[in-house]
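Read through the structures below before going on.
In the two complexes below, chain A is the common chain; its partner is chain B in one and chain C in the other.
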Partner chain A sequence: MTRAGWIRIAIVLGAVAALEVTTRAGWIDPHTIIPPTAMAAALAGLIASGAILPDIAKTLSNVAAAFVLSVGGGFLLGLLIHAAPRLRRALDPLLATYYAVPFFVFYPLLIVVFGMSDLPIIVIGFLFGVVAMIIATLNGLDRVPRVALKVARLARMDPVSTALVIKFPAAVPHLFTGIKLAVAYSFIGVIASEFILSGAGLGYAIAYAYNNFDNPRMYALMLFILVSVTAVNMVLHGFEQRMLRRRGLSR
Partner chain B sequence: MSARAPAWQRYGDILALLAALVLLWWGLARLAGPEALTGPAETLARAGELLDSRRFHGHIAESLTALGYALLLAALGGLGLGTWLGVRRLAGQVAEPILVALYALPKITLYPVILLIFGLGLPAKVAFGAIHGIIPVTIFTLNAVRTIRPVYLKVARTLRLTPWQAFRTVWLPAALPEIVSGQRVGFALTLLGVLIGEMFASQRGVGFVIINAIGLNDVPTIMAAAFLLAAFAATVSAILLKIDRALHRRTLRA
Partner chain C sequence: MTLAAVAGPGLRAGEAHAALRGVTRVFPPADRRQAPVHALGPVDLDLARGEFFAVVGPSGCGKSTLLEILAGLAAPTEGEVVFEGAPVRGSPPDGVGVVFQEDASFPWLTVWDNVAFGLRRAGTDAAETARRVDHALGFMGLAGFARAYPAQLSGGMRQRVCIARTLVLEPRLILLDEPFGALDQQTRLLMGDELLRLWRDTGATILLITHALDEAAMLSDRIGVMSARPGRFIDMVATGWPRERDSTIVADAAFGEVTARLWSSLRAESLKALGGER
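Now for the complex of A and B:
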């Protein structure tokens, strides 16, 4: 491991230890933050008792559905928009300002349309994630080397095989940026919706614990979300680095 | 990008696209019915009513105050932190993965903690907006400073510029385009954070108007407030985008 890596681990561990000491010593009110070890113990208890497993399953399956839809849909839409330069020029300012609009305020309207099911939550996660994927796809397609496209033309490839054999592999590093963002945005969309109005899921469980002053449960659930999101991101990051190395692009 | 189309065509295309979106909105509203989705005309009418009422002015002022403080914290804090991390190479290497991990976290999860620390009211909203905005600003600034071409810095050294001269004539112009991009992303996220803060942690502000309307299932008010918000966010974002593009083009030419 590099020197920076060791320092990073030391900083993270030091921060956790500082929180542990200040909370144990009573410098921070236990009604505000509880010690990290207490969070971990509460989380272990919750998982062992199986009390939060349905909520975890619900949230993770909704996130997964929103993620798959936004990556697949975003890639297809990106391909279509890239093929129509005039449409793209007109869409550009809209795409750039998209994330300034808080989409989850439309969640209640979606409930009226789709009913109180998982569908409105998945739609919100999709709306959050899809545009990051569209933007990444457009960026990736912009950077397909012109010579590769010329080769495709010389080999008289049809548009579909050009897209699959030439454009897709060349755009993959940029698509990965979109995939990572789509994971983050799917989580944000799903959990925000569960906070606002839902009867199940981790967001709902956290809001419920907060309203009942059940700090150990609330912090345990937060810890679970933080750890699982970070784990997913690290796996994706490792995947990306391996791919970049294979292409000789690693930094 | 290909050759630039004439201005009338570009603006015409944008107008046509907006018209198509309004038409789609109208069609969806007709399909879903007024209890699910308010149409464009009714939404505009309700938005006009809101803008006329004195109570809504108070909410707007409250939101803008919170947004102003949060933006100040996020923009200046991120700029300072990012510059420092960009200049100190090791500190940057240590901090960047941590920042990226924090950026990807669903920070909405943390809102109860913010409430427990700051209580209900303005400080909680400002803190929530600032933690959303400061991370992207820091990441962009860090990369902007770190990727300045070494040859520029060599020139500054060869010409024996004083630190202030070097900063003004070399560092700042070289890093500015990326910094502005970061501020643009930071603005969007800060607004989102303040709004979420208002929805859960406040009795005032536009976010509160929305969550209140959600509770009452007052669809026209939800739509009107969301519309006004989107218009505001899109306007500010479009202005920043214009500055951003102009700066990037200037750097490319130079």
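Now for the complex of A and C:
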């Protein structure tokens, strides 16, 4: 492992150890935060008992659906908008200010439209992620070398295969920005929606444990979310680094 | 080592392999207050089958525009392009290969996959693709780099990847837009020898755009000298070199005469282009 890697591990372990010491010593009220080892033990117990597996499955499948829809939909919409410069000029300020809108205010509307199901939750996750992906796609497509498109024309490729075989791989370094944001936004959108209005899922389970003063369970679930988000991001980061190294773009 | 001989559709005797007839290109202005830019022409050009033709001209004279029109990548504003007896109308005809000035290798593909790109798009079967790609990589001195990515190669090697990618398709007309522009002088001479070998072995017709007068003089059967914008041919210089030739021709007394004539035709135009850019 690199020196930076060791330093990174030391920082994380140091923070966890500090929390462990301060909670064990009673400097922090156990009603506020429990020691990390107690969180891990509670999580192991929850997983072993199978009590939270349905919640995990529900949340992760909703996140996955929101993620796939935002990345796939964002790339397609990005392609379409990029192909229509006038539409793009019209949309640009809307895309730029999109994230000023608090989507959660639309939750009641989405329930009216889609009913009490997973659908409104997935839609919120999608709405959160899709525009980041559109913007990343537009950035990427702007930087596809013109000469690559000429090579495509010489090979007499139709617009669809040009998009998939030339534009997509050429734009990948920029798409990664959108993909990473889409992961984060999908998690945020789905879990936050489960908090406000849902009868299942990790967000709901955390809110439920909180209302019942069940600290070990609440912290165990929070730990699980933290670990899974970190794991997903590290995998993506690994892919990205490998891609950048191949293209001679890594630092 | 020989690449497969070129077998194009038969041409009638005396018919040009590729031709430009009264071709012009006018770019519309960016906004209403500006005048349209007359970039090229009118240009007439007949390329004989198997001819090595070079175009020299001052910067900005429309050389690359001429190449794109001949390749079918751009449509002429006026005039007509003919390749193997059929008109070319804004889409690339079969049998034309282009090597661009800038690095056109795909950074997401290995060298091998880059070179195989056109064959795969054309639906060539895997065994034939492998045979031709391996052959082209050997020919261009890239055999040891088949699995490398372009980012791991030097600029000159990346350009060779692009040349190999064009060659595997066995084009009957090869258009090269300053392909050696990024290379040092020694490498240029050696790449020139490679190009001559390739030209002899395949019998392809070659149009080479270059700003290096010695390169044009060393490689070509005939050299077209273009004026400053709008580019027109102001001189045609036939070198009279034998088909069997290589870079040692630079020591020939006639070589000096050719470059001297090119420069005397080009000098005034280059000054105009220089003045025009200020």
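Going forward, the second predicted complex is superposed on the first by the 247 of 251 C-alpha atoms of A that agree within 3 Å, B and C clash if a C-alpha of one lies under 4 Å from a C-alpha of the other, contacts with A are read in each partner's own complex, and residues count from 1 in each chain.
Throughout what follows, contacts are C-beta pairs under 8 Å (C-beta built on N, C-alpha and C of every residue); 3 or more make two chains touch, one makes a residue touch a chain.
Predicted model only: the values in this text are computed from it and were never measured.
Student: In the superposed model on chain A, is it clash or fit for chain B and chain C?
Tutor: With chain A as the common anchor, chain B and chain C both fit in the superposed model.
Student: In the overlaid three-chain picture, which partner chain does A:Phe187 touch, first (chain B) or second (chain C), both, or neither?
Tutor: Only chain B is touched by A:Phe187; chain C is not.
Student: After the superposition on chain A, what is the angle at the C-alpha centre of chain A formed with the C-alpha centres of chain B and chain C, rounded to the nearest 10 degrees?
Tutor: Vertex chain A, arms to chain B and chain C: 90 degrees.
Student: First (chain B), second (chain C), both or neither: which does A:Ala90 touch?
Tutor: first
Student: Quick check for you: in the superposed arrangement, does A:Pro108 touch first (chain B), second (chain C), both or neither?
Tutor: Touch status of A:Pro108: first partner only.
Student: After superposition on the shared chain, which partner residues are touched by A:Pro145: those of chain B (first), chain C (second), both, or neither?
Tutor: second
Student: Who wins on chain A residues touched, chain B or chain C?
Tutor: After superposition, B is the partner touching more of chain A.
Student: Scan A:Ala100 for contacts with chain B and chain C and give back first, second, both or neither.
Tutor: first
Student: Shortest C-alpha to C-alpha distance from chain B to chain C once the two structures are superposed, in angstrom?
Tutor: Nearest C-alpha atoms of the two chains are 7 Å apart.
Student: Taking the touch rule as given, give the residues of chain B at its contact with chain A in the complex, in rising order.
Tutor: Spelled out, the residues of chain B in touch with chain A are 2, 5, 9-10, 13-14, 16-17, 32, 35-37, 90, 93-95, 97-98, 100-101, 103-113, 115-117, 184-185, 187-189, 191-192, 195-196, 199-200, 210-211, 214, 217, 219, 222-223, 225-226, 229-230, 233-234, 236-238, 241.
Student: Please output the residues of chain A touching chain C within their complex, sorted ascending.
Tutor: Within the complex, chain A touches chain C at residues 145, 147-148, 150-151, 153-157, 161, 166, 169-170, 172, 243, 246-249.
Student: Please give the residue numbers of chain C that touch chain A in the complex, ascending.
Tutor: Going through chain C, the ones touching chain A are 68, 71, 73, 91-92, 96-98, 100, 102-104, 106-109, 117-118, 121-122, 149, 151-152.
Student: Using the touch definition up top, name the residues of chain A that touch chain B in the complex.
Tutor: 2-4, 7-8, 11-12, 31-33, 85-87, 89-91, 93-94, 96-97, 99-102, 105-106, 108-109, 112-113, 180, 183-184, 187-188, 191-192, 195-197, 203, 206-207, 210, 218, 222, 225-226, 229-230, 233-234
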